[in-house]
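Take a look at these structures.
Each of the next two complexes has chain A plus one more chain, namely chain B in the first and chain C in the second.
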Partner chain A sequence: MENLTNQAYTEMVKKASPPSKSAKNIPMAFLFGGLICALGHFFIQMFKQAGLSDEIAFPAGSIALIFLAVLLTGLGVYDKLARHGGGGTLVPITGFANAIAAPALEFKSEGYVLGLGAKMFSVAGPVIVYGVASGIIYGVIIYLMGAY
Partner chain B sequence: MEIFWEYAKAFLVGGLICAIGQVLIDYTKLTPARILVSFVVLGVVLGAVGVYQPLVEWAGGGASVPLTGWGNTIAQGTKDAIREKGLYGILSGGLGISAAGVAAAIFFGLAAGVVFKPKEK
Partner chain C sequence: MPTHTGNYTITMERCPSLLGFAAVGSKKEADGPIGNNFDIISSDALFGQKSWELAEGQMQKVAAEKALSKASLSPGDIGMLFAGDLLNQITASHYGLRELGIPFMGLYGACSTMSQGLILAAMMVEGGFAGKSMAVTSSHFCSAERQYRFPLEYGGTRTPTAQWTATAAGAVIVGESPSPPYVRSVCIGSIENKDVKDLSNMGAAMAPAAALTLGRFFKDTCTGPDNYDVILTGDLGEIGGTLLAQLMERDGYKLNGKHADCGLILFDKEAQDTGAGGSGCGCAAAVLCAYLLPRMRAGKINEVLFMATGALMSPTSVQQGQDIPGIAHLVHLSTKKSGRPEVS
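This part shows the complex of A and B:
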């Protein structure tokens, strides 16, 4: 045992430790994410059946999910779901909504302007910044190339 | 049967995109904020090269609900706006098409912050 090299030790640890958390996390993320998207699809279909065009039904479906996620965040339920869902509750638009609502609640005590108002954007802000900026760069490229 | 397949497609594609997010959480040091930023930018790129919109048409909510779907919407909105309004569309397209969703997230978030009390962790 004294001659155990670092490498051999790492190997031993790997064998002795329980199956990686990913073995459970990834299927859970798949399940939660799939269910949230299927629910979103349901909302979109309902809006279409109510006579809305695709152009409105798709964003309206997202807005319904955003409303639901914000409500569940306020009730303290979304964070509990996220503990199991991981990426499945982060990547859908509901994760974005949660990232806005959770700090809005948490930092209310620091005031409505620099607490609630500012901290709402601690994660959503960067997402908007880089999303909008990539869109503009794409726009400049296709405008210059005449490819639109 | 038709309707089952439709929801299965939404479930599979949405689940798969989220599973990729989980792989990034488990195997990289990316924070949730960085992952969300990456997904939006990736969505813009995939929308720009014309891969993502067909996926939305195929999987519906499965492709539009993940944050990559928002990126794609930004790309499609920018292209449409340039077609209609020229140079001005470069700036108005992305946020213009997402205005309702962003406004909803801001307003609902504010309302939740005002109405609800923070939960004990």
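This part shows the complex of A and C:
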């Protein structure tokens, strides 16, 4: 133990730790992500058929997916799907909905204000912060380039 | 009087006995390979409580009461109680055990708490500071996840190196008795880190501490793996276990199949999807109380080195980019009060 350097041990750890099963994870993520997006399109087509304009049908499709994701989170199903879906269930809008609904459920036990209200954005908060911040930066760039 | 053997090992003279012990678990633990050995299983992971934290405290209380009843003792018979868990301010222990009214000392040794508690409880009896003492610890998957990782329903994925926190508790009562198992000697570990920063690979973070303590104990006692029936680590898991064997071999000790890990005994890691194995204070405590001690009492296993290992980080220290300090405390348990463990 005395003459084991941190670097040498890091090498040992690397060798002993199995890598993620990419051969299984990547196709599964593709499948789940694709299915969620296809479902989104199904909703959009349905709303169009029901007479909604394109401008309304697209956001309505997103809202339907969000509703479904939150419902499945509440029923305790979404995390089980995500165990198989991986990135496929994380990346689409449903993953974002899950990331907000899950802490809301979890931290309800600490009250509605300091628990649910404060912790609701503990996972998704950074996405919102940096999403809005980068939106502003790109907006300024586009404005300066005279695109508008 | 206890004597010092070598630099780090403390050898007991009176060799306190483990008078009573009990293990409590929940559904996933019941479904595991040693599920039938638990004293109490609750399929309700909330243990009738309204929060996961209170549920964990309730597990400790149930485990302590069961250990007392198995030893035909009451809380008033216990002079000192050592307990700890993974939660901030070790609330599971404080809330769960407050009704027992036993003089109490809270411990935080992360997943090494069972060894830590057992060592202190045994020392108190050996030194005459307590007639009987008790060590209790627990972990709960749900309370640990929400404190250290993500909300339960969050659909994140786990890396293959991650471990699964056991929902389990264990309680051991130590006192003087002519019946085994006995605490023969103890070796308190030092904090050791080798720059592992990955929160999802705690086995790797703790393995150097385990190797350090085990090496010191072997050197102090002039023994080796062959002198013992089993060297049982707490929750190194598969990766930590592999690394421990490699580190020990570097120092000239071949574990030769003598090493077992509580995290790999408690769960079937493939069938139960527990990553690199089980973890948590309750993992080592439950395997000790449900699996190891009954076998020692039955005379099936005689010489054991029990070494629970802990990773002493917090979410804050990890977010601040610090590496993860590890610790491992060793307890030599035996069915004999004297004599050197023979090479088998």
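The rule is short, and it goes like this: the second predicted complex is superposed on the first by the 128 of 148 C-alpha atoms of A that agree within 3 Å, B and C clash if a C-alpha of one lies under 4 Å from a C-alpha of the other, contacts with A are read in each partner's own complex, and residues count from 1 in each chain.
We adopt the following convention: a residue touches a chain if its C-beta (ideal position, glycine included) is under 8 Å from a C-beta of that chain, and two chains touch if they have at least 3 such contacts.
None of the values given here were measured: they were computed from a predicted structure.
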Given the touch rule stated above, what does A:93 touch, chain B (first), chain C (second), both, or neither?
-> first
Pick one for A:12: touches chain B only (first), chain C only (second), both, or neither.
-> second
Does chain C touch more residues of chain A than chain B does, or is it the other way round?
-> B
Is A:144 contacted by the first partner chain B, the second partner chain C, both or neither?
-> neither
Is A:21 in contact with chain B, with chain C, with both, or with neither (first, second, both, neither)?
-> both
Please indicate which partner A:106 is in contact with in the superposed arrangement: first for chain B, second for chain C, both, or neither.
-> both
So, A:132: does it touch chain B (first), chain C (second), both, or neither?
-> first
Mind working out whether A:4 is in touch with chain B, chain C, both or neither, as first, second, both or neither?
-> second
Partner chain in contact with A:81 - chain B first, chain C second, else both or neither = second
Would you check which partner chain A:32 touches, where first means chain B only, second means chain C only, and both and neither mean what they say?
-> first
Once the complexes are superposed, what residues of chain A are shared between the chain B interface and the chain C interface?
-> 20-21, 25, 73-74, 76, 79, 86-87, 90, 95, 99, 101, 105-106, 109, 122-123
Please give the residue numbers of chain A that touch chain B in the complex, ascending.
-> 20-22, 25-45, 58-63, 65-67, 70-71, 73-76, 79, 86-88, 90-97, 99-101, 104-106, 108-109, 112, 116-117, 120, 122-124, 126-128, 130-132, 134-136, 138-143, 148
Within their complex, state which residues of chain C touch chain A.
-> 50-52, 146, 150-157, 159-161, 192, 194-196, 201, 204, 208, 211-212, 215, 239, 242-243, 246-247, 250-251, 273
So, in the complex, the side of chain B touching chain A is made of residues 6-7, 10-27, 32-33, 35-37, 39-41, 43-45, 48, 56, 59-62, 64-71, 73-75, 77-79, 81-83, 86-87, 89-91, 93-95, 98, 100-102, 104-106, 108-119
Residue ranges of chain A in contact with chain C within the complex = 1, 4, 6, 9-10, 12-13, 16-21, 25, 73-74, 76, 78-79, 81-83, 85-87, 89-90, 95, 98-99, 101-103, 105-107, 109, 122-123
